[in-house]
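In the two complexes below, subunit A is the common chain; its partner is subunit B in one and subunit C in the other.
Moving on, here comes the complex of A and B:
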């Protein structure tokens, strides 16, 4: 795998706020601790997965002072065996908000170029301690940086730099000190780790909590999902601001070229037809469009129905085999069903829905538990507002499947997309998109159908067993009594009848 | 199975027949099992819808609908086993010359872990076997607890083990003889009696003995002790059929008394599967409603329940026409009832010396 795929792009903070108005995740010490752990783990997994490295992730949370009551400063250290970061990018990647490698149209956990950096910033604000990043991208040298973020001008401020020899291994370790509340956050952190392990069963995840308890989520499969390919944006997914930026940066001298060079699945033929539809001269320079023209151009992009649907090569579903391995590993159910739905698209963004179902076993409690994931991130908050919840509770006709309401049952929903339609920027619950809803509904129905037929088969097997028990009790008696009545000397050959029961 | 009218046969021959029936049943099941077929039995249904009144026989009989109890049906396997157990149980009773009671049967099943949930269930099963074989349970040596009594000049010979060949005259003891298993299975040898009088109450039975009625009227008297048990009805039938004795029935003057007489004559719906329990020629000689008026008997008002029962029986096919309907109407009209003891108002012997001879002669002149 070549490293040339990693392309670093800087975007302005104002643009970030345009894209994502609402910053969430660092509202109080408990939520902040949870979010920081989460962001660092997601960065590690993203890095490993993109390079097809089986992840080994080590997480440690420790208190600076054990005796102090919560909230108090905690040190969070997350270490991975990923590709590492080229030392020349480290200061910006970790010391500058909105600097990242994931602005491309390609599925990944991180998208904004700020998750990890926000955690660093929050730590710096609450404890006045720098972040310590140690990374090796060549396996020869480990580069260690201690740095602060210059908040005013959004630039890194390096306070210490060091180099050590690496023993052939690449990877990154990030250590942040921030004010947190582990007592309050611990349940969510454990749940997050468990669910992450469920959808990334190819990872080894080790967690040491502030009391020194170690929890290991062991790898259950060597198979990793195929990494996504980078794609151009689809015309349906473009808005005014994005188009403005594309036009500004465009290297093409005509609108025709602009159209077929910058959009997903738009060739010359479609580009020409569309420009005719939009009433734009094919030879106009992209930079010559004024604001009004840009607005009506975007409208035309959205209304034109001659574009092809996006393809799903930029997506990386977990896959049925891996998802099943993860569910088996974490829930040890009696019955499991998984399905990866065919790719679909909503407003120009391709997506794939995956559904898993687990039934019975020792881990699951009676009743239905819903596990939601988006781009392999567990969604732990605001369940009742989520589209999966709505589909399960309002759209599915449970009576049809004859599943007892207290059955120990888990439904796992995973939606992967280049743009997950979070209802808010909190990355916690998804908005109702009819296209996604339809796929969720079909997937959930399918796994329920499979469970239902498993249960009815199991039920009839049990019935037969019960029946055989009954016959094994009564047939010998009938044989005995009829022998006595008839005066026969030997018992009749009644045993073959037991084989006929069914 | 056999549901035709039986001509009177000797006790010993009948026992032999029952044994054969049981053996046939056993062989049929044995062979099914041996051939890998789930055994089953089929017999007439005893559901209310299948109990129909037969005008010709003047009694309730079972209709055409049948039930199949198959060991292949998971719901039937337990009752099927219980039924076969019961058959083998009574088979042993017959072979060993022993008798048993309904209650015994209930407890005996427990030895095989096929317990009946309650006595009702085991009683039901006994009735199923009756239907299956077309035989009363007394034929396979199962008797009820309650006993009634007989007195009069009748010489019987026991067939029960230990008493075979022994004879007894039923006038030898003034309290009478219990109609139990040994009397039910005894052969009739000799009698001077010319009629049988069945009375509803023990008190009157004793009065009849004291007043020498059996001698004076050449009668055998039977205490039915209320609604007569089946062994008593069976005895009445034998006396009627085997010895050609007419049977007269004397009951309290109320709707329940009338019904005791009716059950002796026409049988009950509960025994619709049995043919040998009726005495179609028997006569109810009183106390009729009209007797209450004629003899100015002390009487009490009918209760609500009495009136309801009268209306019920008025619709019953057995009560169609004759004195049956007429007397029900009289009870309804006078709204009063009298017990047999009411005659005592006019002296203790009025009933034996005045009422009985008058009624008997009236009946005979019918």
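Moving on, here comes the complex of A and C:
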């Protein structure tokens, strides 16, 4: 039997995701259009927020040929007023998979650092058109690049470069031509924009659709969340590979210094105690640990229970005020409740859960609607797989709160973390982490309690009103009859009685 | 505002999957142990089947330290009698992500070509132990390699190499040390082995667990499915990138030859008709097409309805005989039905759906159990997300088949394809493709119909039996009474009557 059937080949990262684009949410023309739009918007918002710039995002989708039926080529243009991209990084940042600025321990919408490049790759393989990137990072010059991705090599292939004077403003615009299906994607795209506006009410978002209709999501607040910070790794999240790298790169000459300089929330006191626990000399050189010692050191890091929980100062939750502003703006409810849970952590990664609840008003329909967010991204696909759905439908005892099942209700969940535990590169839904589940459950119960007490107050108010109505109707008659019956000349002072009810 | 906050870096493929190992099913010690075992077994079975070798697979999981509680380091060893790996490919095949033998248009269990390497990577980052690979591809020499993956560079780092004489047999053994949780993983591992044995009854599989218990899944048939063949791409599955590569590499001097030499099921006649439809001169050189022509050519490939559907001769379904043998062996049911659907295709990829049904017997418990397989892999996680689950629970009208809801029932679904549309690198479940959904639905209805008619036959048989019992009991008495009443001397010939019932 010939062995020639086994052919070994190496493929590039671009090639891998080119072949398996379903993994990144680029499954078909409708889904691909949606994914491309969201990835570009997320990059723009991440950039603006990191530099505390109030975002102005402009999105345009236009058909190359209006008369052709879907699926067909569309041009997507997304333009922002962010910090811009240093021109020397543009080719790789847009034309190379696994090259990017998101490979840090810091909260951001992007987490795999490849969404934008995937959108460019998808455009290129369906329409053979280059991406056009125009960016200014200094406000003086706009640098324009047209480029393809050389998929087999995973390298950028620049086909045109140009420079123009900028008018003092920074920002980036990206234009991709791809085969899309707007008719099928449009509902999801509008929903995505509306929900993004809900959790980023400090942004102006303008969208022009292929028919030329313009939708503006206007800024509702000038307050921006504080920018997320990069953070040191927590001991619980360290594996052998990570520790080896840290030891190799360490500039400290003793293990004591190494411990309190390189780990999240490890000070001198904890470092000293831990090294005693791990049986490592405080004065040893970090570079002197051998392989076996490294393994037991990692074990000790995981088992020692004297470390502090990760703190969340590096995170950037939406905040109750901004979240409430966003919900009020988009859902205009009769009643609103928001709560931010205290910071918690899973496997060494800090996270914060925020819950919002909206009830009644003119926008909400009867029944429960769930809005899911993670690091401020609306998650619109695969709802039933998500941990929030699981908590709401399987773990909350709804009878306790006496909320009618057809109540016009929305629950908003937001999880922010330096590492959101997505189960897919397409960022559709979160894995079941018990720590996150617990916080979601507590937060949802909290807002449901508040709604429940609002409804019961409203209920007793209504009962009283009804009582008063009845008394107002019948007391005068009773008063009149009894006056007539008794032969008295004046009606009794029954009006005071009505005032006393309640 | 300083721009130093934006730091661009490039990461290697190993680094990407090291950081995002949840994506590949390496989420925690229990899941990682399970994933490592299955990836190694799948590689062994793929290799054996490609060379039509009746598989002998030996798996051993042992704890480094029996007394330590879980999670703890385990050694996984998987050994096969496959064709072996040419020693010159061993370092890259085991020490480099995106290097492998599975990047072909051919049915195989492995589809992303990275599962084995991920298991090695996970072992290394949790225990700092190298993988040990021993392989012989010529039957003369066994080559042993101990190696690490250099994660930052995505290159193999060989720490030991040795050679020993082989005893004439080929095969590969892989030994990985990783942090696992056998207590939590054991149920899934046993279930995985049992289900693998069910669809590969031509394999001998021996498993030794950490307590030293040995489970043997014995071969039940010598018949092996024919090996899968590599196939040419179908016109419907071609995008701009693929066409460009094909044109660039083409050895043909005319477009006519190019068409009928490079595409699946395109002969001269269809090639000619298509080129007329696409408005391309039959005699043009393939290398002369410009970018715009390439784009419209791809459009024409997708829109032309004169191509034949992909044929499935390249696929290797289990086959009704082997599937029935496997089900009989593992489930020992009272009634069995299997059906292989005719080949079909989605986006240019051929696929075949096979359905099995088992009812009653001593193994099955009351209620429905679903066994899902794709390219002969048992899928054990995320059942409720899977297309088979959706079809069974949402699209089949169970009332029609009059099967009691507590019937002891198992449904087995198997989908084989040159490209299984997994939604995750961890190969947990399949995306909803309407073409696959349709075939599943038809197949499931077919086996349910057969069970339904079996049950109704069995039901009427039982009814008849009950009737006969009643007659047998009362007819003699009636006969006796009536004989006495009429004063006759002999009983009537009622025994014949009983024989006639039914």
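Keep in mind that, in the parts below, the second predicted complex is superposed on the first by the 416 of 502 C-alpha atoms of A that agree within 3 Å, B and C clash if a C-alpha of one lies under 4 Å from a C-alpha of the other, contacts with A are read in each partner's own complex, and residues count from 1 in each chain.
Heads up, the rule we're going with is that a contact is a pair of C-beta atoms (placed from the backbone, for glycine too) under 8 Å apart; a residue touches a chain by one contact, two chains touch by 3 or more.
All values derive from a computational prediction rather than experimental measurement.
Residue contacts after overlaying the shared chain place A:99 against subunit C, while subunit B stays out of touching range. Of the two partner chains placed by superposition, only subunit C is touched by A:27; subunit B is not. In the superposed model, A:260 lies in contact with neither subunit B nor subunit C. Shared-chain residue A:471: touches subunit B; no touch with subunit C.
Once the two complexes are laid over each other on the shared chain, residue contacts for A:481 go to subunit B alone; subunit C is not touched. Of the two partner chains placed around the shared chain by superposition, neither subunit B nor subunit C is touched by A:304.
Taking subunit A as the reference chain, the count of touched residues is higher for C when subunit B and subunit C are set side by side.
In the superposition on chain A, A:492 makes contact with subunit B only, not with subunit C. No residue of subunit A is contacted both by subunit B in one complex and by subunit C in the other. Looking at the complex, you find that subunit A touches subunit B at residues 467, 470-471, 473-475, 477-479, 481-488, 492-494, 496-497, 500.
For subunit B in complex with subunit A, the residues that touch the partner chain are 22-23, 25-27, 29-31, 33-34, 36, 38-39, 71, 74, 77-78, 80-81, 84-85, 87-88, 91-92, 112-114.
Residues 1, 3, 5-13, 15-16, 18-20, 22-23, 27, 47, 50-52, 83, 85-86, 89, 92-93, 96, 98-101, 103-104, 112-113, 124-128, 137, 151-152, 230, 239-242, 244-245, 291-292, 294-295, 382, 384-385, 421-425, 431 of subunit C touch subunit A in their complex.
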